[in-house]
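Every chain is named by a letter (A, B, C, D, E, F, G, H, I, J, K, L, M and N) in the order it is written, and numbering of its residues begins at 1.
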Amino acid sequence: MDPTSLIGATSIIVAGLCTSLGCLAPAIAEGRAVATALTSLAQQPDASATITRTLFVGLAMIESTAIYSFVVSMILIFANPFWNAAIAEVAAK
Amino acid sequence: MDPTSLIGATSIIVAGLCTSLGCLAPAIAEGRAVATALTSLAQQPDASATITRTLFVGLAMIESTAIYSFVVSMILIFANPFWNAAIAEVAAK
Amino acid sequence: MDPTSLIGATSIIVAGLCTSLGCLAPAIAEGRAVATALTSLAQQPDASATITRTLFVGLAMIESTAIYSFVVSMILIFANPFWNAAIAEVAAK
Amino acid sequence: MDPTSLIGATSIIVAGLCTSLGCLAPAIAEGRAVATALTSLAQQPDASATITRTLFVGLAMIESTAIYSFVVSMILIFANPFWNAAIAEVAAK
Amino acid sequence: MDPTSLIGATSIIVAGLCTSLGCLAPAIAEGRAVATALTSLAQQPDASATITRTLFVGLAMIESTAIYSFVVSMILIFANPFWNAAIAEVAAK
Amino acid sequence: MDPTSLIGATSIIVAGLCTSLGCLAPAIAEGRAVATALTSLAQQPDASATITRTLFVGLAMIESTAIYSFVVSMILIFANPFWNAAIAEVAAK
Amino acid sequence: MDPTSLIGATSIIVAGLCTSLGCLAPAIAEGRAVATALTSLAQQPDASATITRTLFVGLAMIESTAIYSFVVSMILIFANPFWNAAIAEVAAK
Amino acid sequence: MDPTSLIGATSIIVAGLCTSLGCLAPAIAEGRAVATALTSLAQQPDASATITRTLFVGLAMIESTAIYSFVVSMILIFANPFWNAAIAEVAAK
Amino acid sequence: MDPTSLIGATSIIVAGLCTSLGCLAPAIAEGRAVATALTSLAQQPDASATITRTLFVGLAMIESTAIYSFVVSMILIFANPFWNAAIAEVAAK
Amino acid sequence: MDPTSLIGATSIIVAGLCTSLGCLAPAIAEGRAVATALTSLAQQPDASATITRTLFVGLAMIESTAIYSFVVSMILIFANPFWNAAIAEVAAK
Amino acid sequence: MDPTSLIGATSIIVAGLCTSLGCLAPAIAEGRAVATALTSLAQQPDASATITRTLFVGLAMIESTAIYSFVVSMILIFANPFWNAAIAEVAAK
Amino acid sequence: MDPTSLIGATSIIVAGLCTSLGCLAPAIAEGRAVATALTSLAQQPDASATITRTLFVGLAMIESTAIYSFVVSMILIFANPFWNAAIAEVAAK
Amino acid sequence: MDPTSLIGATSIIVAGLCTSLGCLAPAIAEGRAVATALTSLAQQPDASATITRTLFVGLAMIESTAIYSFVVSMILIFANPFWNAAIAEVAAK
Amino acid sequence: MDPTSLIGATSIIVAGLCTSLGCLAPAIAEGRAVATALTSLAQQPDASATITRTLFVGLAMIESTAIYSFVVSMILIFANPFWNAAIAEVAAK
């Protein structure tokens, strides 16, 4: 296995797994938060403003961890320093 | 295993796993959110407007994590920089 | 293992796993949503219109993640760019 | 391992696993839906028409994901483009 | 490993696993449905006709997924196109 | 590993696993159904006829999935077409 | 690894695993059934005849799945057609 | 690896695992049955005769599955037909 | 790997695993039984004689499965027929 | 595999896994905290100031563990001392 | 790998795993028993003598399974017949 | 694989896994503590001072275990004695 | 791999795993015992002397299983008979 | 793989895993203890002195198991007798 394709194949595998695994927990957590928000709304309709605002802050916080993983995947696909080094090494031969 | 087919096979594997794994948690989470929405509707039919609106915002938020995975799969199948480099390398020989 | 059969075998494996794994969570989630809908209907028969409508929107949303996986499988079986490239490469020899 | 038997063996494995794995979740989900329907019927016998109708729509929706997997298995056994290509390649020699 | 025995061994493995795995979830689901039916009968003996009918429809629906797996196993043992091709190839030599 | 012993060893492994795995879920499900029947009998002794009848129908339904697995094992041990072909091939040499 | 010892070792492994795995679920299920019977007896001592009878029928039904596995193990140890064939083949040399 | 030691090592491994794995579930199940018996005794001290009798029948039933595994282990250590054949084969040389 | 050390190493591994695995479930089960006994004592101090007696019978029954595993380990370390045969074989050379 | 590409590939794998795994638990924990906050708000709307403040402190604390993992990934991609040493070693040749 | 170091390395591995694994369940079970004892004490302070005595008998019973594992580890480290045989064999050369 | 790159690659892998795995449990535990604090605040707003103080002490205690893992990772990346020895050995050649 | 380093590497691995695995269950069990003690104290403050004394006896009992594992690790690092034998063997050459 | 780097790599791996795994359970257990303390404080604010004191004793007890693992890691990194022996052996050449 030559170095270039090793780096390429590794980047593909990790980019895919990083996004798919890294999105599991945020999705579950968001589902839980939304579900609790709906229960709370049904129980205390008068506090809907506070509940909705807290829900949105919380969703943004949770979504941030999904975005960390997505960012790492995008870096590995489109701005990968190891791939660039491997390409440069091939071009230099 | 020559580099081109290695990159190709890896892309196929990751594209498939990324979508199938990345859709597990959003589906579970959406099922939970929908289930809670139905419970809340049955408990407090008067708040159906607020509940439905919050549900749809939440579903969109959760669906976004599934779409991240689907986007990565589509990039790996149809706009894969590593595959393009491998094809170009073969063509250059 | 020659490149063509490698790509072919990989596509078969991923197409099968992608559909079978990708359908697990939507099925579970739909079962949950339907079960909650039935509970809610038994508890509040008067709200059946709202409950049914919300259920169908939710089922469509959940089914969409199953369809993402099915679409990826169909692409891998019938419109696979990597297989086409491998076939073309063999034909060109 | 010659290409033809590789493709054949892979198709057999995936066809079997795809059906058996892909039927797990729908069976569980249908069991859950049926169980809830029975509970609801015992709790609110007057709403049996609505409950039964919603149950059947839901079961059809869930069964559809099992059928996706079964369809992929049948395609892999009886209409497999990769196997056809491998057979044609052998016949052409 | 010659192609014929590879195809044969693979078919045996998959036929066995497909049936044994594919029967797990239906058995669990049927047990759940029957258990709920018994609870419902004890709670509402007057609705026994509706409950029994819904139970049998549901059991048939769940059993269908077990039968999909059993059918695939039987096809792999007694009507396996890949095995037929391998046998024909040997006979043709 | 010669073909005959490969087929033989594979059949032994699959026959054993198929029965042992395939009996897990039916046993669990029957235990659940029996347990619920006992609870229901204690709660509503007057409905014992209906409960017992439904229990036996359900147990037969669940036992059927265990029998599918046992049948596949018996076929693999005593009526195995792949083993017959392997034996015939050896005898023909 | 010569064929005879391969068949022998495989039979030993499968015989042991088949019994030990195949007894897990029946034991759990019987424990559950017995536990529920005890609860029911404490709750409704007057129905002890019906409860005990139903319990014994259920235990026999569950034990049958354990016996399937034990039978397969005994067949593999003492009436194994593959081992007989291997021994005969050695004796024939 | 010569056949004799292969058979010997396999028998050791399977004998140990068969007993240790095969005792997991009976122990858990007996613990559950005993625990429920104690709860029932505390709840209904007057029915202690029936409860104790049912408990002992149940424990004997559960213990039987542990004894199946222990018997298989003892057969493999002290009355192993495969080991006897291997020893005889060595002695015959 | 010579036969003697293979048998020796295998015996060590199995002896250790058999005891450690085989003690998991009895410990859990005894913990459960003791815990329930304590709860029952607190709930019904008058029945302490019956509860204690039933607890000790149950603990002895559960401990028996742990002792099966310990016995198999001791046999493998100090009265191992396979090891004796291997030692005898070495001494005979 | 030459040292440079080994270090590169390892860094890619670990960077991806570290972020995706390290974000699982914080996301789950934040979802739980947000969900409880919403429940508490619905139950005691008057304490919303204290609840919100405690929630934000807690979210910051939990987010810090996700940031530890993200920081390690960034260090491995952009400030990796092992990669720098490998590059320097190559350049020195 | 020479026989002496094989036996030595195996003994180390098994001694460590046997103790660490074999202590998992007793610790959990003792924690459960202690926890229940505390709950019972809080609920029925008058029965503290009976509760404490039963707790200590139970803890000793559970601790015995941990001690079985510890004894096996100590035997493997300090009184290992297989190691002694290997050492003697080396010394005899 | 030369020693330097082996040490380097191992350090990268362990540094990443140590942080990501070691942060799982603290995050979960902190989420649990924060969630309970919010519940307690909603239930007993008057004790908010004591609750908040105990919460912060507890969070610091839990965070300390996450910091142990982070410290080990940083030591492995920036103050690794094994890497220093390997580098020194290379420089000494 | 020479014997000395094999024994050394094995001892390191087992020492680390033995401590880390062997501390899991005691920590969980102590957490449970402490948690129950706190609940009991809140429920019955008058029995705090008995509760605290029983808690400390229980914690010591549970801690003992953690100490077994720690002792085995320390023996493997600082008083390892296999390592001593290997060192002596090297020194004797 | 030369002995020095084998010992080094093994030490790195075990040091990292030992800390990260060994901190999982203490963190979970501390989270549980803190959570229960907060619940108890909210339920019985008058017993805050006893609760806090018992909590701190318990946390110290649980933290001790985490510190065992951390100590083993530190010993493996900075006071490793096997590494010292390997270094001395290299220096002696």
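Note that in this section contacts are C-beta pairs under 8 Å (C-beta built on N, C-alpha and C of every residue); 3 or more make two chains touch, one makes a residue touch a chain.
For clarity, every value in this text was computed on a predicted model and none was experimentally measured.
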Steps in the shortest chain-to-chain touch route ending at chain H and beginning at chain D: 4
Set of chains adjacent to chain B and to chain N: none
Shared interface numbering between chain C and chain B [over half = same, under half = different]: different
For chain G paired with chain N, centre-to-centre distance based on mean C-alpha positions, whole Å: 44
Separation of mean Cα positions, chain L and chain I [Å, integer]: 38
Chain centre separation (chain E, chain M; CA means) in Å: 47
Contacts with 2+ other chains: residues of chain A: 1, 11, 13, 15, 17, 19, 21, 24-26, 28, 30-33, 35-37, 39, 41, 43, 55, 59, 66, 73
Overall pattern in which the protein chains touch one another (line/ring/star/complete/other): ring
Ring walk, chain H to chain I and onward: H, I, K, M, N, L, J, A, B, C, D, E, F, G
Chain I to chain K touching residues, read off their complex: 1-2, 4-5, 8-9, 11-13, 15-17, 19-21, 23-28, 30-39, 41-43, 45, 48, 52, 55, 59, 63, 66, 70, 73, 77-78, 83, 87
Complex contact set, residues of chain G against chain F: 1, 3, 6-7, 10-11, 13-15, 17-19, 21-22, 24-26, 28-33, 35-37, 39-41, 43-44, 46-47, 50-51, 54-55, 58-59, 61-62, 64-66, 68-69, 72-73, 75-76, 80-82, 85-86
